Amino acid sequence: MSESIRNLLEQVKNGQVSVDTALLKLKTKPIDDLGYAQVDLHRVVRQGVPEVIYGAGKTGEQIVGIISSMKANGQCQILITRLSPDIAVYIQKKYEMTFVESAHIGYIGDIPIQKTKSSIAIITGGTSDYKVAEECAVTAEFYGNKVERVYDVGVAGIHRLLQNLERIMSAKVIVVIAGMEGALASVVGGLVDVPVIAVPTSVGYGTSFGGVAALLSMLNSCASGVTVVNIDNGFGAAYMANMINHIGESK
Amino acid sequence: MSESIRNLLEQVKNGQVSVDTALLKLKTKPIDDLGYAQVDLHRVVRQGVPEVIYGAGKTGEQIVGIISSMKANGQCQILITRLSPDIAVYIQKKYEMTFVESAHIGYIGDIPIQKTKSSIAIITGGTSDYKVAEECAVTAEFYGNKVERVYDVGVAGIHRLLQNLERIMSAKVIVVIAGMEGALASVVGGLVDVPVIAVPTSVGYGTSFGGVAALLSMLNSCASGVTVVNIDNGFGAAYMANMINHIGESK
Amino acid sequence: MSESIRNLLEQVKNGQVSVDTALLKLKTKPIDDLGYAQVDLHRVVRQGVPEVIYGAGKTGEQIVGIISSMKANGQCQILITRLSPDIAVYIQKKYEMTFVESAHIGYIGDIPIQKTKSSIAIITGGTSDYKVAEECAVTAEFYGNKVERVYDVGVAGIHRLLQNLERIMSAKVIVVIAGMEGALASVVGGLVDVPVIAVPTSVGYGTSFGGVAALLSMLNSCASGVTVVNIDNGFGAAYMANMINHIGESK
Amino acid sequence: MSESIRNLLEQVKNGQVSVDTALLKLKTKPIDDLGYAQVDLHRVVRQGVPEVIYGAGKTGEQIVGIISSMKANGQCQILITRLSPDIAVYIQKKYEMTFVESAHIGYIGDIPIQKTKSSIAIITGGTSDYKVAEECAVTAEFYGNKVERVYDVGVAGIHRLLQNLERIMSAKVIVVIAGMEGALASVVGGLVDVPVIAVPTSVGYGTSFGGVAALLSMLNSCASGVTVVNIDNGFGAAYMANMINHIGESK
Amino acid sequence: MSESIRNLLEQVKNGQVSVDTALLKLKTKPIDDLGYAQVDLHRVVRQGVPEVIYGAGKTGEQIVGIISSMKANGQCQILITRLSPDIAVYIQKKYEMTFVESAHIGYIGDIPIQKTKSSIAIITGGTSDYKVAEECAVTAEFYGNKVERVYDVGVAGIHRLLQNLERIMSAKVIVVIAGMEGALASVVGGLVDVPVIAVPTSVGYGTSFGGVAALLSMLNSCASGVTVVNIDNGFGAAYMANMINHIGESK
Amino acid sequence: MSESIRNLLEQVKNGQVSVDTALLKLKTKPIDDLGYAQVDLHRVVRQGVPEVIYGAGKTGEQIVGIISSMKANGQCQILITRLSPDIAVYIQKKYEMTFVESAHIGYIGDIPIQKTKSSIAIITGGTSDYKVAEECAVTAEFYGNKVERVYDVGVAGIHRLLQNLERIMSAKVIVVIAGMEGALASVVGGLVDVPVIAVPTSVGYGTSFGGVAALLSMLNSCASGVTVVNIDNGFGAAYMANMINHIGESK
Amino acid sequence: MSESIRNLLEQVKNGQVSVDTALLKLKTKPIDDLGYAQVDLHRVVRQGVPEVIYGAGKTGEQIVGIISSMKANGQCQILITRLSPDIAVYIQKKYEMTFVESAHIGYIGDIPIQKTKSSIAIITGGTSDYKVAEECAVTAEFYGNKVERVYDVGVAGIHRLLQNLERIMSAKVIVVIAGMEGALASVVGGLVDVPVIAVPTSVGYGTSFGGVAALLSMLNSCASGVTVVNIDNGFGAAYMANMINHIGESK
Amino acid sequence: MSESIRNLLEQVKNGQVSVDTALLKLKTKPIDDLGYAQVDLHRVVRQGVPEVIYGAGKTGEQIVGIISSMKANGQCQILITRLSPDIAVYIQKKYEMTFVESAHIGYIGDIPIQKTKSSIAIITGGTSDYKVAEECAVTAEFYGNKVERVYDVGVAGIHRLLQNLERIMSAKVIVVIAGMEGALASVVGGLVDVPVIAVPTSVGYGTSFGGVAALLSMLNSCASGVTVVNIDNGFGAAYMANMINHIGESK
């Protein structure tokens, strides 16, 4: 994120510059209207991270068009989520893009070498939660976070969780990813003293109702300090965890 | 339960007597038709425990009528569930009945002094699950079981559960009673090697949906060996636990 | 299950050895961390049966890896549920595995020749419940139980049920499997005096809602002694029935 | 119903008179507009039974107004359903009305002495279904039907049902009223060869969801010949049963 | 249906023969146990129509086996519903069977030439309800009923319904089949004085929820005399309509 | 609404004045911050009608405070919806307010004498929909509309609707208010050529689910030109109808 | 629409001609019964726009048949919605039809050159709502409306919306199309003073439940003047918007 | 919180002391078993804040008992949520407790004078969300946070939100509390670059379904960085916000 913009925003926060004045300064082409999409070029200004391309339901042509617009406007780090292998191949013909198939994520630019000092722990209940976990992990790494993966430690064998407690408790923020009954979020939430972001997954059958059972379980957690995102929303959890993990980090 | 009837049924099971012949022998007044109710006097024959009076939605007069019919037909141990204090007082004017208000249960006859050697452990997630737990415990005791109460050991503070593990693991069958996210059933199910009967309770608010969140959690338990009964159905869990706990007990 | 471990656990139950001491003794490699899975090698210690591989959502490579880990750690009897024919073929190239396609189950090692003296009765409402019933039956047999299959005796023709009553009533525990309105569980529950485990199936259309109608029917059974597992969860019912059926069996 | 109107309608059915002509003839004040209600004075013409007053949500004044309009237009037999005791008292000050509190029904005029030769059997699962059953029974009797009440014969004790089979099988149409899991409808539907109208009741708790469990059970009945009405709709079942029971009766 | 059996049943109804005696007489092989199915050979005795084969979820081999059993036991008129074209071809290699693809119905034996004098009207809201309507119509014709088809007369253009009123009002019983909002059932129910059986269909999108919107609409019909069957259950409606339509017909 | 503000807005619409300039001009105290509420004094500018006070969940003190703020800022016509009689009395001690109890509406200022030339027809299915209908009617009248009330013309007696067709068809926009199955919206929608706004009401029982059945029915209407508002939202329907009815009216 | 018919209807509205007389005049072949469909040839008379062919669930043959009937009866402008590419090709062999694949719409005849003076604004939250938006836009254009497309201006970047405010505020009626949380409808509804028709789309995953989240959001909009249509019902929104947009237009 | 315990935990985090050793040190009476509750005296050790007493469903006696236990074990700052006025009075007879009725919160000990430097912004959509907001605000203040209240700025008048942007954007974490359609969470989430915790409230009627509409809206937020807690769970949001707000604060 360009420092000049940050400075401007700092002045807004300090009251040195009014919001209106700042908005004026920022008004040089904040949106690129492609017809099929209005690329939000100022999101990096407003929110500290560039706009992410949600790949689901977009054609390869559309995604390439959005990437072109972003690159033409100086954005070098681009993340595309929910990207199918076919469309990934299409994009790679035009742009140098890394595709992480297990996470359904493509990205342009490099994952930062210098990571945060503090880490995000990503914990899953079972092997089947892998895809959602990797969507979360790769997103967090793309945003410069140190990530601690602790997979397949669901409550059916709670000693697996207890044996990994030290790795988990050293994190600044924890993402718990679980399907079926999603009990892992409550157990972890009861053991740690950092924010827990719970991601219900659609893993399960019958009355799991595509993740609803896990979602309700997490929303009703008897442990405090647990908040929840949409079913299978690994990206959303990573986004929130990234914001928390960067608090207090020297820039 | 009269031994002659038991003998008859044993012969049926052994193939010495056909079901039809047995049914014939049992046909002396199996039902007492009170108009408002058909009292099932042979349930003790068919199912080993006398018919239970479900008190909800019955008037005091109706319950007294049913008790009269049962006593007139030689049944001395009578259990009435979901009994309101008002109606309990009404019944107590006619019959000597013990009323356990915390469990909403009344019973006529004594809780057996001689208990089973093995025990049923009844575990709750929180203090608010007390009523359901007592409905379960009193029913189990009425049927002659040794009961181990382990209350308020929910997963938000899992060390409370772990500190009680020895009491829990010595039971022959376990009833887990929890509201909110109901995660306790999975955690217990993953730790023990005896049948676990899970009772979701309506404790909670918002998306607990009157116990549905806990119910779904329990139905989707990642731990094997967990079966589920209706929300707040402490009686049903006790009934099942009683059957299991009596297996292999000498009579 | 090795007798030494059982002895240790017996001492724990008797209070001769504390839980902590026992856990210490058991700590030789309780988990094998494969990265994609943490194989729980001590489940046989904790729960009396070895960990089962839930095949759904795992690749052939992953399942083979888990089998390798289990075999390397001395586990000879291995059960894989929800296994697709394709992956079964893949596994069979590496290991000698029996595949029961109708039950979507594969197993390594032999089904025990010596069965329990008492039996588990598995009853279905219709022909369409066959797959779930076989998942239940094969699992039960793999765990050494005598199984009595009574299929297609739904309440639309209740004489079919009544004609099989003697076979049903000789069981120590009964599994009732039914889709559509699931009424069979209540009718059976009202006739017998042993535990009934009800399995709703996704058989039906329209308002069966993929098994929800049968599930609700079973949870609200007016007969006592009926507990319920997740929709189509034949394995779970077998697991519970196996625990009950083994009570009082000489080892 | 006046014979002249019936003749007219017969002619319409036979094609002797066109619908338009007939409608013209019937147009003398078919509706009485009271402002708060449009009293349908021709329903007896169209549907063979006079309009019924649905008492719920109407004030005493409104119901008295509607009765006045009906009486002024020559209607002598008037049925009011879902009537509260308070409003019943209010009405009885103005009109001679019989109030059947257990059925929440009031009626003006007499229940016909001469009944149909064939009967409607009304069967309930339990004592708690009594109110809905009486709403059904009184309505059916008000419309001149012979009614056979068979209460409290739910499937938890199926011999209670079997012992009443002869009474049930002699009916021309059967109404089955049950809450909880509503299995009675399927069992009866599988035993008889006459139309079965199923009424789910809101009796139950937890996952009975106010009658939804019984409703789904009845809609998914594996027995053919079962149709369903709204939860607790005893009146609707009686209305349908009355139409069927009158087929073939000499007038 | 053989007259001797009918006579026997008539005697049961008249009280000349007890149910037990009659059952005894009927006990020659009431069920043929094929392993995968228990063919109910006495359903014609109990319910006046032979057992129907529900084709969904059965293999061609299984259906052929059931047909063989039925034919071997003297049943000549056989109906198979929910039959896929592939399996129909398979069956036709073994037996002479008429396959009505639009209705997903196959039948062996002839549709009776002599029909009932009274008719069943089958009314649909739109063209898309055709398949369900034909399942209903063919079933009704197979059972010997005169059928009046009145298709595509939904309430969006109510004059289409009104123009067909005479055809509709001449029926003894009416089946209303509609998806989307299912309003047609209420409108017809308010116009006629014969029983109306409503069939919600899964036609629609979005909040039609696969027929639930139409189902709820029909269950809450403000018109009396409307009962409901499961979504898309054209067969069930025909079965009920057939029973009603045959009342009072000379045999 | 002050003409100067309207002129300003007209200039904005014509492009003579930019939105920014206009907003600047309007910035004199657009909000009055009462602590418990931020009174939106410019809504009349933005939306043509003054802010409405939603009375539910507000104390008498709060409502009086908001009224004071509005009056102090020159707003003379004030509407308060969902107002309980108790709080109405409280307010009337401070301000001259008309309270229409049947509609749960209070208003300050007069209902305009001069009405629109075109009218809004408000149609209900039954008498029980009265309160919602009056909330709609009084709101519409308060906004200066001519209102045509056509109550209790539900589809169970469709001739009641047909007899009022001329009154209905003369309206410029129609509000259809119905509970139970809500079929009236579709029938009206199929007969007229003006916008129909459908209001589901919570009238009904059982599967009406507090208005959900009617809501789904209306959302799935097979008639085009029907849009829907929240259950019981008479105010919202009036608000929309008012906007449509004023199009083309000379000011 | 032929002027003579309009005149007739005007006379009906003015009371110069009664509804009955008018209906008589219009009775020359109002319906063409094709067996599989009853083509409503008078809908243009009743509702101002010709009947639209809902393509989903109809065969190519059926659609061609309906088109033939419409053309034979003088209808030149024909719209077919939810049309698949395959069937479109089939129809184009018989008739000159324009197919707009992105909107799944086919039409015969030309989109009117002369548009309304006022416009309909169609606003979407994201790129994925494109199909529903185009169904809406093409329908509106086919009915002669000027359409303003404002796509991809969801609330995640609200400045995109604010920058398009002038285009939006110049419309006479606005259609807001959004999936996910559907918040755009409330934000737009709070900013404008014209009718807003909200279309929830099935865009989203997990708890979007195929559009239900957006639907509920829109039904509960805290902004007044928002009405809602079925999920993905772009056509229905266009139909309503067309009616509103034509009010006050000179013909 | 005692510094020695903190030091111990720091050593655990740094790996200087193992978890096991630390747990050993902490084992002096971690739980006080009151029979009806197991007071968790070490939660301050595990989670940095003392155990909170959830008042709902507990008697005054029970709460007083728990307070006594906590005070006897040296805990001076005690928070009781969901406390009814009656029970508050009861407690105040025994202990000096501040009761904030609007927040249904009681607390013993003082709200810290020294607050965090950074603040938590608490934003509500409307006046009716006040109680939930105050539960959140008082909890946050009790934990030592600076709180910025921004109430009644819902999206129906988005300028109210925009005018408060500077106050909102200066916070380190934001809690958005809204009922009805809950759109405020998405709009705020799209404007800021700090974590947003969304609290759906049960404010609304009809299809708000007691907060479900707002919950779904928030879970499906198109803005990133929004996580969600249970309906009306102001405490839970404050708990999470407190953890985030304290990151990087010097102690």
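Some points to look at:
Letters A, B, C, D, E, F, G and H mark the chains in the order given here, with residues in each chain numbered from 1 onward.
Following the convention adopted for this analysis, a contact is a pair of C-beta atoms (placed from the backbone, for glycine too) under 8 Å apart; a residue touches a chain by one contact, two chains touch by 3 or more.
Predicted model, so just to flag it, every value in this text is computed and none were measured.
Its interface matching that of A-H in over half of the contact pairs by residue number, D-E stands out among F-H, D-E or B-D. Using mean Cα coordinates as chain centres, the one most removed from subunit A is D. Remark: subunit A and subunit E have CA centroids separated by 55 Å (rounded to whole angstrom). If you average the CA atoms of subunit B and of subunit G, the two centres end up 60 Å from each other.
Each chain gets a centre from the mean of its Cα atoms; for subunit E and subunit F, those two points are 48 Å apart.
In subunit F, the residues that reach two or more other chains under the touch definition are 46, 156-157, 190-191, 206-208, 212, 215, 219-220, 224, 230. Chain pairs that touch one another, listed by label: A-B, A-C, A-G, A-H, B-C, B-D, B-H, C-D, C-E, D-E, D-F, E-F, E-G, F-G, F-H, G-H.
Considering their complex, residues 30-31, 35-38, 40, 42-43, 46, 51, 56-58, 62, 200, 202, 210-212, 215, 230-233 of subunit H touch subunit B.
Listed in rising order, the residues of subunit B touching subunit C in the complex are 12-13, 15, 18-19, 46-49, 52, 165-166, 169-170, 172, 190-195, 197, 215, 219-220, 224-230, 235-237, 239-240, 243-244, 247-248. Listed in rising order, the residues of subunit A touching subunit B in the complex are 125-126, 154-158, 180-183, 186-187, 189-191, 204, 206-209, 212-214, 216-224. By the touch criterion stated above, subunit E contacts subunit G in their complex at residues 127-128, 130, 151-153, 156-157, 159-160, 163, 203, 205-208.
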